[in-house]
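Per-chain numbering from 1; labels A, B, C and D assigned in written order.
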Amino acid sequence: MVIVMAPDATQRDLDEVVGLVTTAGGEAFVSRGVNRTIVGLVGDLDQFEALNLRGMAGVLDVVRISVPYKLVSRENHPARSTVRVGGVPIGPDSVTLIAGPCAVETPEQTLAAAQMAKAAGATLLRGGAYKPRTSPYAFQGLGEAGLRILADVRAETGLPIVTEVVDAHDVELVASYADMLQVGTRNMQNFALLQAVGAAGRPVMLKRGMTATIEEWLMAAEYVAQRGNLDIVLCERGIRTFEKATRNTLDVSAVPVAQRLSHLPVIIDPSHSGGRRDLVLPLTRAAIAVGADGVIIDVHPQPEKALCDGPQALVDGDLTELARVMRTFPEAMGRALTLGPDLAGEAPALVG
Amino acid sequence: MVIVMAPDATQRDLDEVVGLVTTAGGEAFVSRGVNRTIVGLVGDLDQFEALNLRGMAGVLDVVRISVPYKLVSRENHPARSTVRVGGVPIGPDSVTLIAGPCAVETPEQTLAAAQMAKAAGATLLRGGAYKPRTSPYAFQGLGEAGLRILADVRAETGLPIVTEVVDAHDVELVASYADMLQVGTRNMQNFALLQAVGAAGRPVMLKRGMTATIEEWLMAAEYVAQRGNLDIVLCERGIRTFEKATRNTLDVSAVPVAQRLSHLPVIIDPSHSGGRRDLVLPLTRAAIAVGADGVIIDVHPQPEKALCDGPQALVDGDLTELARVMRTFPEAMGRALTLGPDLAGEAPALVG
Amino acid sequence: MVIVMAPDATQRDLDEVVGLVTTAGGEAFVSRGVNRTIVGLVGDLDQFEALNLRGMAGVLDVVRISVPYKLVSRENHPARSTVRVGGVPIGPDSVTLIAGPCAVETPEQTLAAAQMAKAAGATLLRGGAYKPRTSPYAFQGLGEAGLRILADVRAETGLPIVTEVVDAHDVELVASYADMLQVGTRNMQNFALLQAVGAAGRPVMLKRGMTATIEEWLMAAEYVAQRGNLDIVLCERGIRTFEKATRNTLDVSAVPVAQRLSHLPVIIDPSHSGGRRDLVLPLTRAAIAVGADGVIIDVHPQPEKALCDGPQALVDGDLTELARVMRTFPEAMGRALTLGPDLAGEAPALVG
Amino acid sequence: MVIVMAPDATQRDLDEVVGLVTTAGGEAFVSRGVNRTIVGLVGDLDQFEALNLRGMAGVLDVVRISVPYKLVSRENHPARSTVRVGGVPIGPDSVTLIAGPCAVETPEQTLAAAQMAKAAGATLLRGGAYKPRTSPYAFQGLGEAGLRILADVRAETGLPIVTEVVDAHDVELVASYADMLQVGTRNMQNFALLQAVGAAGRPVMLKRGMTATIEEWLMAAEYVAQRGNLDIVLCERGIRTFEKATRNTLDVSAVPVAQRLSHLPVIIDPSHSGGRRDLVLPLTRAAIAVGADGVIIDVHPQPEKALCDGPQALVDGDLTELARVMRTFPEAMGRALTLGPDLAGEAPALVG
């Protein structure tokens, strides 16, 4: 942390800053320039934050230098992590395809979508039973009935389930069905929810807030991690910008940036980024090429009848091409498509 | 609602669109141009939304024309509303000053801040007992102990209390102390929370999400209203833009725009918009001048010791000027500073 | 300037940084922390910039501390400046109204608009003869014929002229007619144009780029100033954000921020910010209340026939209210409406 | 074009709208709904624009439906175009690598960079002799001396030259050296420059303004095309958003969107998007995977000594990997790396 003194700061202002830092157990290094004096601080940053140095007389600016998150930071954990969801790995060694319907509507629709997903190479099933909707008049999801459908389809297809939870007090219920809990973009700073999923004993997929900086996203992950859960997968899903030709602007650069700052896996949602079916495959290719550890894609057997986000769901005719992309592009990256449960992280079965 | 057909749409595509709309009980008016054909729809919009017309063959775009919110819209409620908080009005007839500390820290600090607020013309006390913080390592508020302090200070000063609630399951508790429930910027799309405050029987202050459009803000208000609570005050508090000289960019235009679209009162938070003490008074003046129905301002007896947002709190020396602004600028607008509980809306005292 | 070394920087990396700075004639102060080492630099910043320190091994970040503009900075020029345009002052002592048509169309329309402007309190006439238009198919202005109309209207009304120049090679011609040269938002970083107007011997109004930071705006002013012209007025006109309810988002905070960083006067354009007639008066009031040194407003005798931006021009019926605002709000600020040419800065007429 | 009437519009308002449209030679189709009446217009859009319908009594909104650009639109030109630069194609059949130094500094540096570029697979050389810089105190380029260096390096390496022009009045000079003229991000709406390059008889690379919508970008291309030059390559180079971890946010979605709206080739600049060396290769892979027709990349033999943007230039060690990416990823897309001049479009050599 560096304190920049104002040009008209007095010696007394400077002494008070140094005194306060020292009293708080830190060290202060003063560098005097022709126009400005700066003070470099060494010690406990949280304590310095609490001092409110920016409010002191003569202080022009306070520049923080180290990152404000710890558990999810790569500084103290240089190796990139792999998160296992029902045995399926998401991490640096392969590229994982997660697919399924935006919303669970009926058993038939969900099963059909899951079979489409599996045929294209998916090893995890997505599907929403609780939907956060901008309008109170829009379809809000089937709730627990939807979770039961997902569980049935898992039994039928063998695909572990990724599903969203929107209220801290539903976490236990959702976790009793789901293999992975998803926190959506509108809830990225719903801190009560983050803490609840952190304590739920399930891997978490944390979508980036549509207007969150990468740093805020990692701070949100820190909330989850702080409750003892480091099985977190970050998901970039487009940010809000002035451009309106696409629903959001997919920030592909966020993948290498977040992977450099954090050890957590990072995937991309090309369906919600663009909001248009014709963009899903190009953005899927870009996601894999930029280094994402996976993609999560909407598919629907009859998107013209979908209750949620139909215009962006892939349909039958697109899935052959998706399967081709999932074979070709991971290979160009020197990675494999994740083929199924990876037992490396499981306890070995002992044989007498 | 208007459907724009693609240049290469066939007659059959068009017939199917018209047929579907008609079957759903609507009317479809076809206009053929040289390059494009458009179809105007008349009927129940919610039903049209459910048809997923955008996904049909030959459809290029679907343009919605009427607003998607109803209860908070000014279309069906032309007169602007006044919301009463512990008897204090917020509405078109006066300008209301809400002031107090960002966070409740101690009884002494809260009382001192309330007295500063009152001296400057405030008739409502703000103060946070539950604080949503970006970092899990930052001060999160005193919780119920903070609510008790607020209640004691209300008893001492007579100022009704505005305080934030961050979790749907705390709503009942907070409502048992507070005169008005505040929903913060990070929770503007926390729909579980919106529904809970909608059912709590207290007026609600709904801050605009830092990256929410005005339409999304009004949709969030619709969530509250839909539960039967129309005592909602909208609060503009700055939006996220590329400019980093200020913490957020105060969108003053949002006040007249929202007042034109909705009958609800609209106030401004000049403290969180700018994030800098030297901007609070200029932005307060601008807020009143643009037509805001009130302002909500951070004050603190010793901001250099504040646990939250000290750099933006007004201090003793600023309050004389704040009091002057609150006398002068409402008058230039032909309005009065709200002076205290307005009994107009209360049951009249009967006289024998 | 502060250099932040990476956690894995070696002693040799550090020595090379210090050596390079010292060789370049600067001083380097090293502060070692537990996790990070920082180096504070004192000396010639331009020279440090040229060293490309950010590219050196072991360097994580380079944080610039002092401002990159000099001539327009308030650091070396604490008193706020007044710019005189044909004798009319724009500066801290009064509030100046500039008004007129967006585009000069005919002599009659321009004269009528000028008379409307004058009646509302304007002392400077705006009007465009060269219009930068997003579409090549839109009206591009009358060119020199428009300048001649403006000169005739100046002769008739006594109002000095503010008009835009869009091409460096028209500057001499436009300057031969105009009292003040306007550089528009799309040209804020047209450096050839900035240098040409800097050499033209006329005051300059520099509109903020619709996506320029305040720092970039001041750097653009520095381009003009560097050619010897410090008669620059900054004009905030709204920035581009995600919000689409208004054409741009008026950044009122930019006024006090720019006035604190620079000694130049700062005005606001409420017409182009909102792009809607119903927002012009509220934004004008907010502009004056936040401390702007003037406003520039579109008026048109028949906006429904305007060739450019008709929907935002004030019409006859609005001007009584504009005149009222221009009397009331400067007064609430303790300022006067600029009433006409101020001869304070002119050579006094000697009397025998 | 569709006109939406206000809820309180009168029959007379409607009649006047219809009358005006009809008088102007258009047709107006009225559709009456329960809450709203809409009018669909068929005819000459430019003429409708000039009517200023939005300003008429009773008109709530005017929604434009067809695109405002014509020559660059794909509507009238369904096949995607190939632009040839000194015989080297940029278009849908291959992926073209353009590389070289950000700024031409010395003959040695430029030649070394060109040889690095060629070894990595480049068939066009980039290099700036005129540099638009935010600060007037920064290096502005060598001017014509730089152009001569580029011409010498072209003679030595056989690589045609792409170079920026920043002032309309330098276009002829720059065109006398360059094979392709580049218009930079800050000049995308410098309309005088666009018209000058449109008349210069050279292919043009038009960078997207850092805050331009895709529609504005295509309108800027229309300015060039309108002067008779359709040899335009669009270049996405990152847009300005709230995220500050990268210099700009690369908008990969803009490639398929622009390719769908326009027949012009679209390439990506991964160097200026991210502004960081470690992002160049990931973003290059994403660019090719999303379908870009080429990439333009900064390389420098000694980036730590670069006078411009050294931190983002690729260095020797990166080029082996760049060469590998340029072999592998076009192939995964079913395309080839452009290998050299394509004579398909040239006049055949006649043989006696």
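Everything below uses one rule, namely that contacts are C-beta pairs under 8 Å (C-beta built on N, C-alpha and C of every residue); 3 or more make two chains touch, one makes a residue touch a chain.
If you want to know which protein each chain is, UniProt gives these names: A, B, C, D = 3-deoxy-7-phosphoheptulonate synthase.
Predicted, not measured: the structure shown is a model, and the values here were computed from it.
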Counting contact pairs by residue number and requiring over half to coincide, which of B-C, C-D or B-D is equivalent to A-B? C-D
Between A-D and A-C, which chain pair shares more contacting C-beta pairs? A-D
On a C-alpha centroid basis, what's the spacing between subunit A and subunit D, in Å? 32
Gap in Å, rounded to a whole number, between the CA centres of subunit C and subunit A: 41
Which positions in subunit A are in touch with at least two other chains? 211, 240-242, 244
Looking at the complex, which residues from subunit A come into contact with subunit B? 46, 49-50, 52, 54-56, 68-69, 132-138, 166-169, 186-187, 189-192, 210-211, 216, 219, 222-223, 226, 240, 303-307, 310-311
Can you tell me which positions in subunit A touch subunit C when the two form their complex? 2, 4, 7, 29, 31-36, 38, 40-43, 61, 63, 65-66, 75, 211, 240-242, 244
Complex contact set, residues of subunit B against subunit C: 211, 213-215, 239, 241-246, 249-257, 260, 273-274, 278-279, 282-283, 285-291, 328-329, 331-333
